[in-house]
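Both of the next two complexes hold chain A, though its partner changes from chain B to chain C.
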Partner chain A sequence: MTLTNYMNRKELLGFLILAAVIFIVLPLALDTFRLNLFGKYLTYAFVAIGLALCWGAGGILSLGQGIFFGLGGYCMAMFLKLEASTPENTAIQSTPGIPDFMDWNQLTALPIWWQPFHSLAFTMLAVVMVPVVFAFIIGFAMFTRRVGGVYFAIITQAFAAILTILIIGQQGYTGGVNGITDLRTLLGWDIRTDEAKNILYFVNGALLFVVLLIAQFVRKSKLGRLLIAMRDQEDRVRFSGYNVANFKIFIFCLGAAFAGVGGAMFTLQVGFMSPTLVGIVPSIEMVIFCAVGGRLSILGAVYGALLVNLAKTTFSEGFPELWLLGLGGLFIAVVMAFPNGLAGLWSEKVEPLLNRLISKTQSAEAANPNKAPAE
Partner chain B sequence: MSDKGKSTDSLGMSRRAMLAGSAALTASLFTPKGLKAADYPTSEVNTTGLAVTDDTVTVGILHSITGTMAISETGSVQAEKLAIEQINAQGGILGRKIEYVQEDGASDWPTFAEKAKKLLVNDKVASVMGCWTSASRKAVLPVFEQYNGFLYYPTFYEGLEESPNVIYTGQEATQQIIAGLDWVNKEKGAKSFYLLGSDYIWPRTSNKIARKHIENFMEGCKVVGEEYYPLGHTQFNSVINKIRLKKPDVIYAIVVGGSNVAFYKQLTAAGIDPAAEKPLVLTISVTEDEIRGIGGENIAGSYACMKYFQSLENENNLEFVKSFKEMWGDDIVIGDVTQAAYLGPWLWKAAVEKAGSFDVDKVREAQVGIELPTAPEGYVKVHENHHLWSKTRVGKALADGQYEVVFETADLVEPDPFPEGYQ
Partner chain C sequence: MFADYSMAELGAIFAMQGFAGLILFSVFVLMALGLAIIFGQMGVINMAHGEFMILGAYVTYIVSNIFAAYLPSLFGIYFFIAMFLAFIASGALGLFIEWAMIRHLYKRPLDTLLATWGLSLILQQIYRSVFGAREVGVSIPDWMMGSLPLTDLIEIPINGIFVMVLAVSISLAVYIMMFRSTWGRQVRAINQNRVMAGAVGINTEWTDRLTFGIGCGVAGVAGSAFTMIGSTGPTAGQLYIVDTFLVVVFGGAASLLGTIASAFSISQAQSIMEFFLSGSMAKVITLLVVVGILMIRPQGLFALKLRK
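Here is the complex of A and B:
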């Protein structure tokens, strides 16, 4: 695959604009508090990119991405909580040295499966691998049996509900409905300071671009073409001799890995993890981010996550009693007016306008036979 | 007092302000009216950049007004707004009107953390009245500690916490539990207890304290069962069967929210009448607010252990109920937490006036020992562990949705968030 195959000039421009927004415009325009909020919004963009691949390209609608976001976030939270629960910090407890919520639930020793989370290396691996293994199990069970479409969406919802109930029910091991709170340091580095928040924002942005580039690679590879073929005519792909289930499992696991990384970055930036980020409602919200951004476009997914969360914050600060109505109205308006989301608005309305303005220089590029077909 | 006056004088405070300051100190028991903002220059009462101007001071209100918790938290918002309005009508705090920024926690813990940070960092509010569930408090706690905010938290809760940045105006668990258990033991001769609750930290911790008290401090008493159900659970038939089998003297129920409706209806349907004295139903989770959902006829005759009931017949409370209804309508009921939320702005006002400053560090120092004889629940006092000395009361539910007070402790009960012998 040559470089121009991987990313044409137009897509490169889109990436550069997004990079400029994330790394230059937002940090210059916002104070630390708002920048940290945008950092939080961007962690949802990880999930939305995964959904753009699974749903937009592969046609697999998952209403359970909160599972993977939550698993990644909980793995990171467990590491941070263990670091915060030194015997000195927890001297007031019956059993010093274990997380506070375990003490409240009469646990007297750290459970075995918490032990490995003393290690940052293990934790970072777990942030990616736990969601992937979980996604593999769900995907393997569903796709090899050719469960798809609405049924798959409902089953992912059921898993999100099960995981929430499990986390809330096993509060001695998970912190229950309170979640894992009061996280302080990462290897001795205080993550609560303004300076740390700024650094974490840029780390988050860099990771987001790693994920975007991986997603772009998948989209442009043979796998990406196959995904789209599967979405549109699954049987034909199968009759052509491809094992459809394996491709679906792979893309579902990839989306889960992205979500896990997003969850871990959420925990680091917000300072806690709770079951309210795992369940059905946040999972559906994540699909909305993707839909508003335009499910066909990975860059659109990022803008969707940013815009919806910004609207959520702005509406709720301005109209604390009516903001949900405003947000609902926004979704309806976007879906009615632009079925392909913001990305659709861009490619159908804005881009032709721009093209007309700079048509002379672009015409040669547009005629380039290497250019990817429009989707 | 004169020593204090001299030391402030040497700091360059005007003599008039100093006198007014000492007057406020000596007069902290009653409301010092007519404090003039001019006597308290903004540069002196606000050295940390809070949202204090020459005429106003801004506070935050942070509760859920959307989502599942909205129904519970609305009463607290109403009480806080009433207190703020009354304080403003009296001339405000240090001559400044209180303005508030209200934010919606949306029954979502990360949202609470986001909004708390917004109130402290962006709006620079001088204090925050807010939170309801323990989960929301746990979520905002690191934010308040990091940015040195000051939170007035109204709900009765599990204890095990003592933050320098929070004043807990509700009861911690021992204040709500022990006196009630002793009362059913002495007055009703109860010996055996069946503990049940919703499955999260507050009911679990409360039942842990109840069990320790029953087993270690109440002679001849025992716990015959203990069970938990997920939040929102509506099938209580199996536990009701177990209760009929074990025949406890007391069903000690800490079921919260919507589950209560199912619980009490199924209890009645299974032939266990809450109005019967055996088994007697004792709860610490049903206030007048919850009875509106349960229906007075389904719960009449059961007992609740609280520090406040709307039916308290003291002058403070009659006045409070009257003003509350004037502001929010005649249909309104006032539960325990609503009253505790009402105390927040008043306690803050008293502390600010004692400190002569809005600075959080000075308010924190002044807050300990503040007494509020005007509280609807009666006289309260702030303990050095940031909880309130309050009386414990037992009420008997009536069919009209109110409680009839049948017992109250003779003295204020000391708050003990880390009770020894109960861990």
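Here is the complex of A and C:
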């Protein structure tokens, strides 16, 4: 694959603009608190990019991306919690050295499956691998039996429900409904200071671009074309001799890995992880991020996550009643009126207009997209 | 764990737990019937199904208040009128939604799912604005209160029996509509082969709309019945939607009998396990088993043999 196949000039411009927005415009324009908030929104963008591949390209709608986001986030949170629960810090507990919620639930020793999370290397591996293994099990069972479409959506949703009930029910092991809170340091580095938050924002942005570049590679590769072919005519791809199930499993696992990384970054930046980010409602909201941005566009997914969350924060601060109506209306509007979301609007309405302007004035500089999120 | 109980007590526990399972079964059946019509026959995912149910519950709440204020002498029978009105209200809303939204999305089932989710959010917010965020309960008529003592240890609440009777009669009514009426024949014909059904003169568009309306109406009746055993809040519908979909999918989407059988097995399994484990673990295990079986047998328990 040559470089021009990988990314044409227009796409490169889109990437550069997004990079400018994330690395230059937002950090300059916002204080640390708001920047941290945008960092949180960007962690949802990881999930939305995965969904753009699974759903937009592959036609697999997963209503359980919250599972993978949560698993990644919980893996990170377990590591940070263990680091925060040194015997000195927890000296007032009846069993010092274990996380506080375990002590409250009369546990006297750390469960075996918590032990490996003392190691950062294992944790970083787990952040990616736990969601992938989980996605592989679900995907293998479903796709090899040719379950797809709405059945797949409902069953992934059921898994999201099961995991939430399990996390809430097993308080002693998971922190229950409050989740894992009071996270302090990463290898001795305090993640709660303003400086740390700024650094984490940039780390998050860099990771987001790694994920975007991987997604772009998948889109442009033969696999990406096969995915779109499968979405449109699954049987023809199968009759052409391809093993459809394997491709679907792969893309579902890739989406899960992205979501897991997003979840881990969420934990680091926000400082807690709770079942409210795992369940049915957050999972389906993650789909709307992707749908608003344009389900076919990976860059659109990032803008979608930013815009919807910005709107959510703005409205639910001022008018909580309006927000649910607005979100509901957004679901309906994006499906009925703009099935290709912002990216669709851009390429159908704005781009032709710009092209006409450019050919009229002959000034290529006019192609300055106004799609950047409003501050 | 049984050592602390005598034989008689143990028998009573099982009987009571079995009865609790039967009430849960009735609830599942009532919820799933409407969904079985809409999802099973039309293949439409209606995530707002729970909100149609809650609409029925709120209609019942309004009617009961009106009767208490203006017609106290007839309070004993208000429920039947409320149930009828709940059917009309939910059904009418269903007809409207089908016309405004669903019919444009028949070719895109996944998008229907998202659009109806949006609808459910809007309905929830409307309920919250109109009726308040707190749960409301209706005052049930005198004849439905109290319980029926079977033996010294076993007592059966009358409202539970009433809900069970309702579940059975509504299932029968749906069965008769489905298999004996013209509408039912047309729906099944369309389900089997839409193009041919249209070719022999069935108005498929109108039948679709009517089917969606009736499914929503049945949901309204279910919601009405719920007010007899519990209170109603704006988000109550969402709590049940996953369970209900699993019941319908587990039973085999197009089979009414399958829906009832799966509602029975899921509810019994859950309520019996609830006695031995915590409530949340009982639910986790039940759902996991159901999902596990669905992975091995995606077509559900009772599958119609169709040529696709």
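Methods note: the second predicted complex is superposed on the first by the 343 of 375 C-alpha atoms of A that agree within 3 Å, B and C clash if a C-alpha of one lies under 4 Å from a C-alpha of the other, contacts with A are read in each partner's own complex, and residues count from 1 in each chain.
Just so we're on the same page, a contact is a pair of C-beta atoms (placed from the backbone, for glycine too) under 8 Å apart; a residue touches a chain by one contact, two chains touch by 3 or more.
In this text the structure is predicted, and so the values were computed from the model without any measurement.
Participant: Mind working out whether A:321 is in touch with chain B, chain C, both or neither, as first, second, both or neither?
Facilitator: A:321 sits against chain B and chain C alike.
Participant: Classify the contacts of A:339 with the two partner chains as first (chain B alone), second (chain C alone), both, or neither.
Facilitator: It touches chain C, and chain B stays clear.
Participant: Pick one for A:270: touches chain B only (first), chain C only (second), both, or neither.
Facilitator: first
Participant: Scan A:92 for contacts with chain B and chain C and give back first, second, both or neither.
Facilitator: Once the two structures are laid over each other on A, A:92 reaches chain B alone.
Participant: For A:169, is the partner it touches chain B (first), chain C (second), both, or none of the two (neither)?
Facilitator: both
Participant: Determine, under the contact definition given at the top, whether A:76 touches first (chain B), second (chain C), both, or neither.
Facilitator: Neither: A:76 stays clear of chain B and chain C.
Participant: Looking at the overlay, does A:37 come into contact with chain B only (first), chain C only (second), both, or neither?
Facilitator: Only chain B is touched by A:37; chain C is not.
Participant: Once the two structures are superposed, pull the chain A residues common to the chain B and chain C interfaces.
Facilitator: Shared contact residues on chain A (touching chain B in one complex, chain C in the other): 165, 168-169, 321, 324.
Participant: Can you list the residues on chain C that touch chain A in the complex?
Facilitator: 43, 45, 101, 104-105, 108-115, 117-122, 124-125, 128-129, 238, 242, 245-246, 249, 278, 280-281, 283-284, 287-288, 290-291, 294-296, 298
Participant: Along chain B, where are the residues that touch chain A in the complex?
Facilitator: Within the complex, chain B contacts chain A at residues 65-66, 102-104, 106, 108-111, 113-115, 117-118, 121-122, 133-135, 138-139, 141-143, 146, 158, 160, 199-201, 204-205, 208, 230-231, 418, 423.
Participant: Along chain A, where are the residues that touch chain B in the complex?
Facilitator: Going by the criterion above, the answer is residues 31-33, 36-37, 40, 92, 94, 100-101, 104-106, 165, 168-169, 171, 176-179, 181-184, 192, 270-272, 274, 276-277, 313, 316-317, 320-321, 323-324.
Participant: With touch defined as at the start, can you tell me which chain A residues reach chain C in the complex?
Facilitator: Those residues of chain A that touch chain C are 55, 61, 63, 141-142, 145-147, 149-151, 153-155, 157-159, 161-162, 165-166, 168-169, 280-281, 284, 287-288, 291, 321, 324-325, 327-332, 334-336, 339.
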